[in-house]
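Heads up, the next two complexes both have chain A, just with different partners, chain B and then chain C.
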Partner chain A sequence: MAKYTLRLRRYDPESGEPPYWDEHKVDLDPHRSVLDGILQARGLQDGTIGIRCSCRQGICGSCGVRINGKPGLACNTHLQSMTNGDGNVIVVEPLGNMPVIKDLIVDMDAVHWKKIQSVTPWLLGHEPVPEREYLVPREAMVDVTQSMACIQCGACVSDCLAMEVDPEFTGPAALAKTYRFVGDPRDAEHFERLRYVAEDPHGMYTCTHCFKCVEACPKDVNPMGQIMRLRRIAGADYDIDDRNNGYRHEHAFVKNIRRNGLLHEADLLPDSYGGKFHPRAVPELLSSLPVILKGLLRRKITPAKALLHPHKAPPDVRAIFDRIDGEAARYELNLYVTGTDEESPPTRGAGEPAAAREGAER
Partner chain B sequence: MPEYDVLIIGAGLAGQRAALAAAQSGVSVAVVSKVHPVRSHSVAAAGGINAAISVSDDWRSHAYDTVKGSDYLGDQDAIEAMCREAPGEVMHLEHLGVTFHRNEQGELDLRAFGGASINRTAYVADITGQAILHVLYEQLLKYSGAIERYEEWFVTSLIRGEDGGCTGVVARNVRNGQMETFAAKSVILASGGAGQCFKPTTNALICTADGMAQALHAGAPLMDMEMIQYHPTTLLENGFLITEGARGEGAHLLNSQGERFMAQSAPNKMELASRDVVSRAEQTEINEGRGVGPDGAGVYLDITVVPRKRTLEALREIVNIGRDYAGVDITRDPIIVRPGQHYIMGGVRTDIHGRTPIDGLYAAGEVACVSVHGGNRLGANSLLDTLIFGHRAGEHAAERARSTPMPSVSDAQLRADAQMIEQILARPRKGRRVSELKDELGETMNRHCAVFRDATGLQSAYDTVKRLQEEAASAYIDDQGTVFNQDVLGAIELRYMLDAAEAIVLSAIERKESRGAQFRTDFPARNDAEWLKHINVRLGADGEKQLSYSPVTITQWQPEERKY
Partner chain C sequence: MKVAYWPGCVSRGFTPELHGALAQVAPLLDIELIELDRASCCGAGVIAEHSQELADTLNARTFALAQQTDGELMMNICSTCQGAQSECQERLDANAAYRDRVNATLAGSGLRYEQGIVNKNFLWVLVEEIGLKKLRSLVKRPLENLRVGPFYGCYIIRPANRVGIDGEHPRDRYLEQVIDALGGTVIDYAGSHKCCGFPIITMNKTASLTQAGRHVGDAIDADADCLVTPCPLCHLNLDLQQPLAEGVVGRELGLPVLHLPQLVGLALGLSPKQLGMSRHIVKPRAVIDWSESVVAAAAAAA
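== the complex of A and B ==
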């Protein structure tokens, strides 16, 4: 057993008082969860502590909170992993980006569920509905199961930086839910779904690619990854215009490396806007003139290099591009589907459980 | 006062399925749940759902396996109905969007599961319950015009009319403490099981026997309450569930000698015998000193024999559980498991339409006892049970509502319940806290009402439950507020759990034989001559619990010796 101090952010809406900090000492094994600690405090010291919780094992999604400033589930966060050497103090606060109802309980309906509802969160299946199951590729079902694994805990919503700036942003959870249907071959409305999140000024192009939701997610749903996949599918398969020009920018990089083998920055900007003489590129180039001038003055670039990039991609680099272009289907890097390729044998045989136990205790 | 044709208590799989079925018939529907629907405990069901959908399978084979698994205590008419309708239900779920795992042909893949004579378990990795629950909730959102949702409303009572039928419910809005009377032509209990009567348990903190106690107090009988399932593979450290899917994928159980001890008690099915058989075998190893881990209180579950890639894809959740709660990479090392309380086969007695003996009151899912599970439930039959009988109850309740006038309901019960809550708030702060009593109840039940039972232990459990009932009447709480006062709800839940626990222990004392999950060391044999019957528990006029019997329905499978 070890002693921990839980420093809880408390708020009683009926008191008329502002939120305050409250400390409870609990005595638990280090591998027990922060939720176990809170429940011990609630059960034995102060029954007024408010927290939603149910399954205790990271599947119901009730106990999303911020622990030492990071969002996650109280039930699958170990006490020992959160101590900071400062007298074993663990700070627990309600999730961000959502109004607090009481103590650690936030109003999920007002934010999270409203956003989920905005993306038509149900299958719009192909007609006619088959008599038996829809026949679909095995990989497709495993793939959408990743976004289906979302337990709606709100951890990603809590720390979404884009939502902090734009509260109307559809957000990581609802966009992952969108991918769940766009990636599902049984759904008949991929284009409409993509167009909706693309045309919405608070839709998928509002994501700033900050990775906060990826870190926050306790179920490896990788919401940002799903958003990026939505963007790629929208651009590559449906010719949907990218409000942020990110799709063209990405392709400018690809074109650049394919041609030069190295990044040639002078080409990057015009290529991102359709080439040097494209009407969209002209204002961008003009607005970049001060930067270009500074670069010239400080000899970061020379006019010759900028205009006539001498380096050409070696055959090996071109071979990579040729091979990827030759693939029948676009390869989406998705670890959820493939697991790791490493297939090393188990460290010890099944017949040596005593040794295995030592392994387990390590 | 809100009025609905069909009002459903609980929004797990049974409740949501009932709501969708009732709404389909065009009646007005409300779902009242003490937690947000996706937090319901159905979310934790891992392994899959059984249905005879393979071309080489037949629903009769599924039904026979279920009858045999039930140790012949299951009612065969209900089992036949469930197994016959299973393939259609699974296809329906697939059409709604459940992301069932596929084989290379793109058809539903089927995995092996305990007690089944063929692979017939459809699955979504090891999050099948979550995948189905979330898809049904999507449908609830889709039909939100037809189905009213009362999320985070706690039911305090069922209301009974003058003729004894159920006419509505009283509930408290958890968010602001507001009490409300709901009038309803049909009420469906779908509020889940009673696992929190035990400690440890795989069940969520919300599984507090609410519906069973409410039904008991409304005059309905509880049946098969002695049949408590101990799941063979719960984590030694904290009792968390390790899905049977692990053994379905080929994992082994080993004792301290490294032996696959299932070879003795189930030479054919080995680790995939029915759960009662495997749990007893494990407990025997532990009791006879061949256990492993601290105090030798567990056995090894060796998943390393399953290809690593397959484990990462199909047993993803338990990879996380092993890592997060036991510090073990299950693809590399065995983990230590033990039998742990998991499910209650018993519940509110219903017929195959979900009807309880109380007019207008239905029940479906774990709160109910149809009885399709009898003495022992097969893995992956519980999701099926919730959906089939949720569907049936929803349809029948809607049909009943169409020919029934809206009952007129007074606010007498609301006043009584409000007063009950006031009294809990006003209890003096002395004696013991609610949480302490709950812990004592759970530990007592787990000591005396587990895999092996005997008269002495059960009597001692009964005495403890009766004492705790007295103490619970004055157990104190801290929270005086109205917003999310979870403290006061905990006090009510404790009362519910003590009612259910008493019914469990009484039934276990009564059944003087060993059948299914009930193993009496003082009556180690099955005794069909005397005990091939259900035990019912009712509340008598004096408020005491009374026992009676009801027959087991046998259609085509006579009791035989059970071998795996």
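== the complex of A and C ==
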């Protein structure tokens, strides 16, 4: 047994009082969960602590909270993994981006479930419905198992940085749910589903690639990865030219690199709005004019560089574009499905070079 | 040390001062740069949105070019390059059959990627290869009284396992360590590890500039003199777009944003002009006045 101090963020909106911190000492084996600690505090010390939980084994998704600043399930987070030597203090807060109902309980209906409902979270099968089951290739279903692993705990919603500034953003959980059906060959409404999240000004193109949801998810759903798949399918397979410039930005970027090898920003900006003379580009360029002028003035941007890009893609780079874009079907490696070769090193970009790093003292 | 150097696109495009500053700083740190001038854009996550295989192949080509040099490792100066390339490398290194497929395409370039390249951002090279102790010993003009807010950029700190953050490599604390080693004061504020908003600037401009404006505002409220970032794309949203962000968040900002090599260069005794600091949209006035007065004081003492 070991002693831990749980520092809980308490708040009862109905009381009219501001939130406050409340500390409880609990005595539990280090392998027990943060949820066990909270329940002990509630059972033995203060019955008014608000926490939602049910299965206590990482299946139901009820006990999503922020532990030491990171979202996760209280029931599958060991006490010992969360202590930092600071007197075994563990800080527990409610999930972010959602209003607090009481203490550690947030209003999932007001945010998370509303967004999930907005993407039609059920199968819209092909008609006529077969008499027996739909027959689908095995690989196609393995592919959607990753998004099906979602237990709706709200951890990704809690940490989403785009939602922090745009509360209307559909968000990682609901977009992962969209892919769950867009990736399912039994669903008949792939195009409509994609068009919905592409055309929404707070839809899939509001995701900033911040990877917060990837880290937050306790089930390895990789919501951001699912969003990137939605964008790939919408842009490359369905050519959905959305009002948010998502499609145009992607196509302008790819064309820019095929032509120049290196990015030519002065072309990318107008091209992302449909080209320099596109009605959508004009107001954008005008609003950016003061910044452009300042850039010219400070010699950040030179007229020659803005108009003529000094780089040209080497022929073999163009050949790579042509070879891969010329294929009938995109080839995608999904490590969630294939796993990693046994002999593969851990992420080596992260590792040390082969030579020992002597003399590099911290 | 000798490194295969990948400067990226933006450091030679809209933030030319970054590439220039690194060229000034590298010799002072004994870093010999072998520039990968035939390499192409990392794709910044956008090419992967179009075709994952295309992004993986373009980066495998860059890695293969780096492996042809006699550099000890490959070095980049852009958080986004680091993240986008690490993601491609994760797939390339994980699966031999996939690597063969990509290498078959590269055969047309006469190139071949061998599993396991070491690719480190300048920030990681500073802490892990040069070491903070040596960095401290090279400081000629300690950044005393300069209050610096770190701004990492998402791609260099997430996901932690892909970018190699662990107990031994607290890469999400390296900027703080470097600021401290250079004699500066680290400012703790809400936005240091958040998103600058740049990737959605053409898709949801309000959300994008709200992110940039809010982080800059938070740093000002925490009394920062400037921000420092290892990411030129973050620099675009935080510096180039700062005047527009002011309009979106409805407050005056005016906080200078330095590239990491510029901050290092200032402490190693280079002048703001040598480091291209006159090219910023938000004039780093506070920083420049400060460093010049320190230089003057040092000269007077001598």
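By our rule, the second predicted complex is superposed on the first by the 252 of 362 C-alpha atoms of A that agree within 3 Å, B and C clash if a C-alpha of one lies under 4 Å from a C-alpha of the other, contacts with A are read in each partner's own complex, and residues count from 1 in each chain.
Here, contacts are C-beta pairs under 8 Å (C-beta built on N, C-alpha and C of every residue); 3 or more make two chains touch, one makes a residue touch a chain.
Everything numeric here is computed off the predicted structure, so don't read it as measured data.
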Between chain B (first) and chain C (second), which, if any, makes contact with A:K294: first, second, both or neither? second
Determine, under the contact definition given at the top, whether A:C207 touches first (chain B), second (chain C), both, or neither. second
Once the shared chain is lined up, is A:A188 touching chain B (first), chain C (second), both, or neither of them? neither
Just to be sure I read the superposition right, which of the two partners does A:E265 touch: chain B = first, chain C = second, or both, or neither? second
By the touch definition at the top of the document, which applies to A:V89: first (chain B), second (chain C), both, or neither? neither
Considering only touches as defined above, state whether A:E133 meets chain B (first), chain C (second), both or neither. first
First, second, both or neither for A:D12, with chain B first and chain C second: first
What part of chain A is shared between its chain B contacts and its chain C contacts? 339-340, 343, 347-348, 350-353, 357, 359-362
Contact footprint of chain B on chain A as seen in their complex: 12-14, 31, 42-44, 46-48, 50, 52-62, 76, 78, 101-103, 105, 108-109, 116-117, 121-123, 125, 129-138, 141-142, 144-145, 148-149, 151-152, 181, 184, 186-187, 337, 339-340, 343, 346-348, 350-354, 356-357, 359-362
Which residues of chain C touch chain A in their complex? 9-10, 12-17, 38, 40-41, 43-54, 56-58, 61, 72-73, 82-83, 85-86, 89-91, 93-96, 98, 101, 105-106, 108-109, 115-120, 127-134, 154-155, 158-165, 169, 177, 194-195, 197-200, 202-204, 206-208, 210-211, 214, 240-241, 243-244, 278-281
In the complex, chain B residues that touch chain A: 35-36, 38-41, 43-44, 53, 91, 94-97, 99-109, 124-125, 127, 130-131, 134-135, 138-139, 141-142, 151, 175, 204-206, 237-238, 240-241, 252, 254, 256, 258, 292-293, 300, 302, 304-305, 307-309, 312-313, 316-317, 320-321, 324-328, 331-336, 433-436, 439, 477-479, 481-484, 486-487, 490
Spell out the part of chain A that touches chain C in their complex, as residue ranges. 161-162, 164-166, 169, 201-202, 205-212, 214-215, 228, 231-232, 235-236, 244-246, 249-251, 253-254, 257, 261-266, 269, 272-273, 284, 287-288, 290-291, 294-295, 298-301, 305, 313-314, 316-317, 319-321, 323-325, 330-333, 335, 338-341, 343-345, 347-353, 355, 357, 359-362
